[in-house]
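What follows is a pair of complexes built around chain A, which joins chain B in one and chain C in the other.
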Partner chain A sequence: MKIINLLGTAVLVTLLSLFGVAHAQKSGGTMVFLVQPEPPTMAGYVSTSGPIGLLAPKIYEGLFDYDTAGKMIPVLAESYEMSADGKTVTFKLRKGVSWHDGKPFTSADVQFSIMNVLKEVHPRGPNSFKEVSSIDTPDSHTAVFNLDNPAPYMMRAFSAYESPMVPKHHLEGQDLKGAKLGNNPVGTGPYKFVEWKKGQYIRLDKNEDYWGSDGPYLDKIVGRFVPDASTRTAAMENGEVLYAAYNAIPNIDAVRLKERDDIGVTTDGYSMINPMALIEFNTKEGPFVDAAVRRAISTAIDRQFMIDTIFFGYGKPATSALSSNFSATGLHAEMPNYPANGDIAAANKILDDAGYAKDGNGVRMKGTFDLIPYGEDWRRGGEYLKQVLGDIGIQVDLRYEDVPTWLKRIYHNYDFEMNLNYFYQLSDPVLGVHRHYGTNMIRKGTHFVNSSRYSNPELDKLLRAGMTQPDATKRAAIYKDIQTILAEDMPVVNLFELEFLTVFNTKLKDAYGSAMGAYASFGNAWLDD
Partner chain B sequence: MNRTSKILRYVSRRLLQGIPIILAIIVLNFFLLNLAEGDAVDVLAGEAGSATPEYMDQLRAKFGLDKPLPVQLLVYLKNVVTLDLGYSFRHDMPVSKLIVDRFWPTLLLMVSTIILAVGFGILLGLLAAVSLNTWKDAIITVFALITYATPLFWVGLMMIVVFSLNFGWFPTSGMENIAAFHEGFDRVKDIAHHLVLPTITLSLFYLALYTRMMRASMLEQYGLDYVVTARAKGLTERRITFVHVLRNALLPVVTMAGVQVGALIGGSVIVESVFAWPGLGMLAFESLFARDLNLLLGIFLLSSALVVAVNLIVDVIYSFLDPRIEIG
Partner chain C sequence: MIDFWKRFSRNRSAVFGLAILVAVLFVATIASLIYPEDPFRLAGKPLSGPGLNGFLLGSDSLGRDVASGIAHGAKTSLLIGLIATLAAVFIGIIFGAFSGYYGGRIDDLLMRITEIFQTIPSFVFAILLVAIMKPSIESIVIAITVVSWPGVARLVRAEFLSLKNREFVQACHTLGMSDLRIMLREILPNCLSPIIVIGSLMVATAILIESGLAFLGLGDPNIMSWGFQIGAGRTMLRSAWWVCTFPGIAILITVLAINLVGEGLNDALNPRLRERQ
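Up next is the complex of A and B:
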């Protein structure tokens, strides 16, 4: 039996932070922050959409949180114990926790949240908890997960954002997507939902009965919706809002605001989101069915140039199908065909060798390049890529549509040739990367999965092995093979690891500490004046 | 027949005529909006990160999007007849509630803008016309030309930079101070404070339009025979301007104002976006990209009803401004 005592770690962390903090936290104040765009509902158990992630984890909690080093921080669970075969995980739940309506939080809520909610209606829950066949509740503060196969990745999916625990008594027997809870959330977290003024703000008040001894210190947290980016910047400059994550303040303004004494900028807090910019190719039809062409494209792109000129230096060139953030778990391995500064000559040579001759105008092939409709940066990225592709004789027309049209084109109709996009690789490749490459993830009509329709039985076998292998070294070897195959076949060319920016007023203290960054609870945050 | 009952009969007839117009607008909008690729379920699933096709089919069935278009239209029309604007599945709220919540901020912005724009427009136009070809006229004309030609979003952003960031007189955005949550009279004051910049920004554009129109209209009237007659009668210039010319010159301005009330609902999108003003324009804009058709149709229905009503009011105002215009 492997026993991990998380309580000990927690006590240590608390002690360290006590000595580390020079001033005592001050209570009171309202923390206004930017939420962009306005979310449709606050049902974080149905949707992982970004703006919901900014708000719901302040109301709902998960079993664990993760610190910046990736260590588990106990939240609603105090500890867990995994059997030797990895097929039984027993969670000891925290006692004395109650929902915002006063009802006690018990193991029945955990069972219901995982089995009836997350496994059923959550976009990623069916993957995260795929192996969980049942949950036993021997007493009200013990939950025993019974797994069909070991699922090491599951242990990285317990944050409030990824797998929120929801009140059974509010959802049982109801239509989960239409339940009242969606617009009137009731959680166990440090802040309670008070009011939602559509088009203006969502207001959360301090949970006076919170179980934690450390916080919450803020009286209120208000999420404000400001549609115009320049106005968001002005509101930050004016001190009307104190916190803006996920590039709510565009990079171009963030680099300017950074110079001010009262405003800070950080790239921390996105390691478990792990965004990766990339190009998806149609591997079934069109000009890019030949892997050699895709390899040539990957070789030609000056990734560092894109980062420096379009994203103001925030980003890191991709070196394989996996983000370098997976180095912490030993899964990342650097691969060929990913030169950081691009190599036009080498790319041209690949295409020459593959027999694609240039015509009189220096054009080898023509195509259409779709761009993700999420803002100007991507448009500029597309313009740069068009130029580079031109240098190696691939002439593309750029296409920029609105979100529904684009989603339909890429993921329903497969009516595209190449597509600029970004994916969240999340906290484990099983959760964020497998969906892009597995044959079982070619799902017409499902968004952000294997739209390339790339299918390789050998890779499928490796992906399955990577999913269930509990041993870290063996797992790393499997993922090295996976990355090698993907660097050769390149159904997707990774461009660079995006670094999202968080811009904050320095009055706001201790809002960080969780790897979830802006998607964390802010339970320890306080305002210094 | 006396005048009041004549007007009443006219109004009720026009209202009846408005019904088929509004119905036609609904049907047209319905098909136009359905021409767009993708539906609300695609957007919801796209935002959620990923969703299974079964889940999306389930949502479509729930939203009634799996039915053929004519059936969807009939269901919608049936609901509208019973004054039920339907349900926004995106917001999980009845459309009527969403619209009413956002209607008051829009109305506030609209009314203050119209008063400011029409009021000052008339004043400036009048001033320019009576001081024709003097420096006053030149300044007013140039001012009108510049404000008319400047993009709204730029004016809005400059207002923020100058009056919020540099002088600190006004908040940058929003409708009220949400760190404070004022109550009662403080709240009214707070909202008025937040209203200043958006109103001025939106007014500037229309102000220019009314100024130019008023000036042209005044000049045209000055050249007409009745002014010559009035002068021959020995009336003072002052009396001619304010009693005779002004009244007649107002007619086109009032017409224009009536037409623009409808445009203001949608046209304020930019101002609402720049100042984060929680109005209908922004709601319509967002629902278009979310393919929230029920909500969008509801907003269109409201604006078409508003346009029909305002045009009617303008026609009635005509008969007061110029008794020669007969209603009937």
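Up next is the complex of A and C:
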């Protein structure tokens, strides 16, 4: 009797738990979210442009994803094994995965994606997979990466956004940048591409043959393009759209919407992107060639004021050349010369000591300050900085041009003195930070690299060491030295870590779980009514 | 002169407009005296309401004084309006005078050129010009001039066409006067009144175009203007209404005043209306 009772209880518990699971995640429904602006293509393997990142990783998958603590989550690869010298990495690929057109996913696709696509046409791929000399495919579910040197940073670049796996049979022998696949994506992901109404929306449907055992739960996801900011806010307010990432809803509205019960606001999901606001200086010519002047500027700026007034409190003052998000891997070290609240007196003293005397109008030097033409917030930032620079005797004129002219001025012609900008520091300094400082990154005509033309052999050596050092403690020591040099030389003054906002309707559940945030797959997302 | 003022003052609203315009001019001249600091100066607590924290009309998102911005912006707006109008009138007179006086091929050529400029919507054209040249006070003046002169050219041409066959002009011909002298000394003074009227109205339009450009972020980033203030404050209209309301009122009353004055000038200078009285 007792046994039967026990059994009965067990059955009941099992049933309840099953019921519980069924209750926890409901299937069905359409999830509409904002994509701002409309992407030029869906070729995430060619461009890392933001709006592509919002859509393509729902269709394509990477070998791994990363959870919010930075741990690797197996996706298309089930596991990997690194040889003792760090020069051979063997990936075991997931079996039974097929492309949306029914063809099986194999190691040949991995080999092709890395060697022929990402290393060739991806903006950051040549850097991420720099050391990969070849990939062997002993069988259809094993891929062996042969490296010239250990590349620990590579293991952080396997997400669907950073390194999507693409179907070889759709791209082989074609012009990669113009291939039909760009606008008709075929991936392995939880959602299939259905329709792109230009100027209106992109529709993706649930992949019924998805390899994952749980999810996807949503029937359809729709990415809508709404050019006007106040219309986007209104659409979120009346429940027409359920999710808006990357400040598609302006901060000022997000702060207001946060008060509502049915709308949530979060800064999670951007740690792998790691955006940093900063000022680049021309270190070769013009008024800012002297490091003392750049240090004085960094010392004068009230970073917290900029965050509070321009970004409505979302952001974190920078404390070194690296984002504080690198604390997770032990690489970040706090440095002097980055005061959060600014110190005008100290900045003036630096300039006095360096021998820059003020003239009758209190002006020590004059210059021109270019502003990144990405909208009003950056203009406000420039207006604020102009005032602060005036306080320490540096009189600047602001210059605000259109994007192509600005890019050309900064990265082709080096025809600038100081420039307000922001960079993605990404998941590892090798991927996002080295490009700013290395002598080999003075690449005329390439955007978002070392436009300061800062060149320091000692730093170059440290950067190379940081790239190949597999040991975490030793690597941290190297990066501490790097940050010390940069806090002294300041070819770039870091201002603050931007915090992008995601605004979502609380009906939408489990849209998170990946460090990639909005650039992840929505594979586990579901709607509660 | 007294006669002119009598006719002008018969239009009550014109006098009212003139009073406002003088007041705006006064504020513009003494802006640097009452607000000696740079209007971009961070003067205090951001987003203070009108009357709070020592801000007469409140402060914007960075803590800049809205009242100071309006005073300094008045100078910018009036100066741009005036310079652009003078330049446009100058070009317009040259084009209109030659094509009206000579007619024929020259007229055809000059009027086709004018039409090219007239067929492009003027504000869109101004945006395009400023975007191509990089936003600065010079490029804004040039853009406003370029989109404004065709109207003047048309008007001047029509006046010249009607005047060039009058007896007094023919008399000048028989006296052996040069064409240029006839144009400048005889015909032009006789068509000055409509030019003055259209010019005064163009100042108002120029101010509106400048504000519109600044609102769209195409203003000179180093110079305070009303349009800039509105553009910078529009995102927070729901939480800080004063940031763009006061500059908006400033634009409204200035443009209104100039229009009223323009109408008054029209009444005072137009001989046909003179007879009607």
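Quick note on the criterion: the second predicted complex is superposed on the first by the 506 of 529 C-alpha atoms of A that agree within 3 Å, B and C clash if a C-alpha of one lies under 4 Å from a C-alpha of the other, contacts with A are read in each partner's own complex, and residues count from 1 in each chain.
Basically, contacts are C-beta pairs under 8 Å (C-beta built on N, C-alpha and C of every residue); 3 or more make two chains touch, one makes a residue touch a chain.
Keep in mind that this is a model prediction, so the values were computed, not measured.
Student: In the superposition on chain A, see if there is space for chain B and chain C together, and answer fit or clash.
Tutor: fit
Student: Taking the superposition as given, does A:Thr309 touch the first partner, chain B, the second, chain C, both, or neither?
Tutor: In the superposition, A:Thr309 touches chain C alone.
Student: Which partner does A:Val449 contact after superposing on A: first (chain B), second (chain C), both, neither?
Tutor: Touch status of A:Val449: first partner only.
Student: A:Gln387 contacts which: chain B (first), chain C (second), both, neither?
Tutor: second
Student: Looking at A:Leu371, would you say it contacts chain B, chain C, both, or neither? Reply first, second, both or neither.
Tutor: Only chain C is touched by A:Leu371; chain B is not.
Student: Taking the superposition on A as described, I'd like to know which of chain B and chain C A:Lys507 touches: first, second, both or neither.
Tutor: Neither chain B nor chain C is touched by A:Lys507.
Student: Which holds for A:Lys197: it touches chain B only (first), chain C only (second), both, or neither?
Tutor: Only chain B is touched by A:Lys197; chain C is not.
Student: Would you check which partner chain A:Arg399 touches, where first means chain B only, second means chain C only, and both and neither mean what they say?
Tutor: In the superposition, A:Arg399 contacts chain C only.
Student: What is the contact status of A:Ile252 with respect to chain B (first) and chain C (second): first, second, both, or neither?
Tutor: Second partner only, chain C.
Student: Look at the residues of chain A and decide whether chain B or chain C touches more of them.
Tutor: Of chain B and chain C, the partner in contact with more residues of chain A is B.
Student: On the A-aligned overlay, A:Lys92 touches which partner chain: chain B = first, chain C = second, or both, or neither?
Tutor: neither
Student: Nearest CA pair across chain B and chain C in the overlay: distance in Å?
Tutor: 6
Student: On chain A, what residues does chain B touch that chain C touches as well?
Tutor: In chain A, residues 401-402, 405 are touched by chain B and also by chain C.
Student: Quick check: in the complex, which residue numbers of chain B touch chain A?
Tutor: So the residues of chain B in touch with chain A come to 36-39, 42-53, 55-56, 59, 62, 90-93, 98, 101-102, 105, 153, 157, 160-161, 164-165, 168, 171-176, 178-181, 272-276, 278-279, 282-283, 286, 289-291.
Student: Give the list of chain A residues in touch with chain C in this complex.
Tutor: Answer in residue numbers: 229, 250, 252, 256, 308-310, 371, 376, 379-380, 382-384, 386-387, 390, 397-402, 405.
Student: In their complex, what parts of chain C are in touch with chain A?
Tutor: On the chain C side, the touching residues are 38, 40-42, 46, 61-63, 131, 134-135, 217, 221-222, 231-232, 235-236, 238-239.
Student: Going by the contact rule set out above, which residues of chain A touch chain B in the complex?
Tutor: Touch list, chain A to chain B: 30, 32, 37-38, 40-41, 46-50, 121, 123-124, 126, 175, 177-178, 182-183, 197-201, 203, 220, 222, 224-228, 230-231, 234-235, 237-238, 240, 401-405, 407-409, 412, 424, 435, 443-449.
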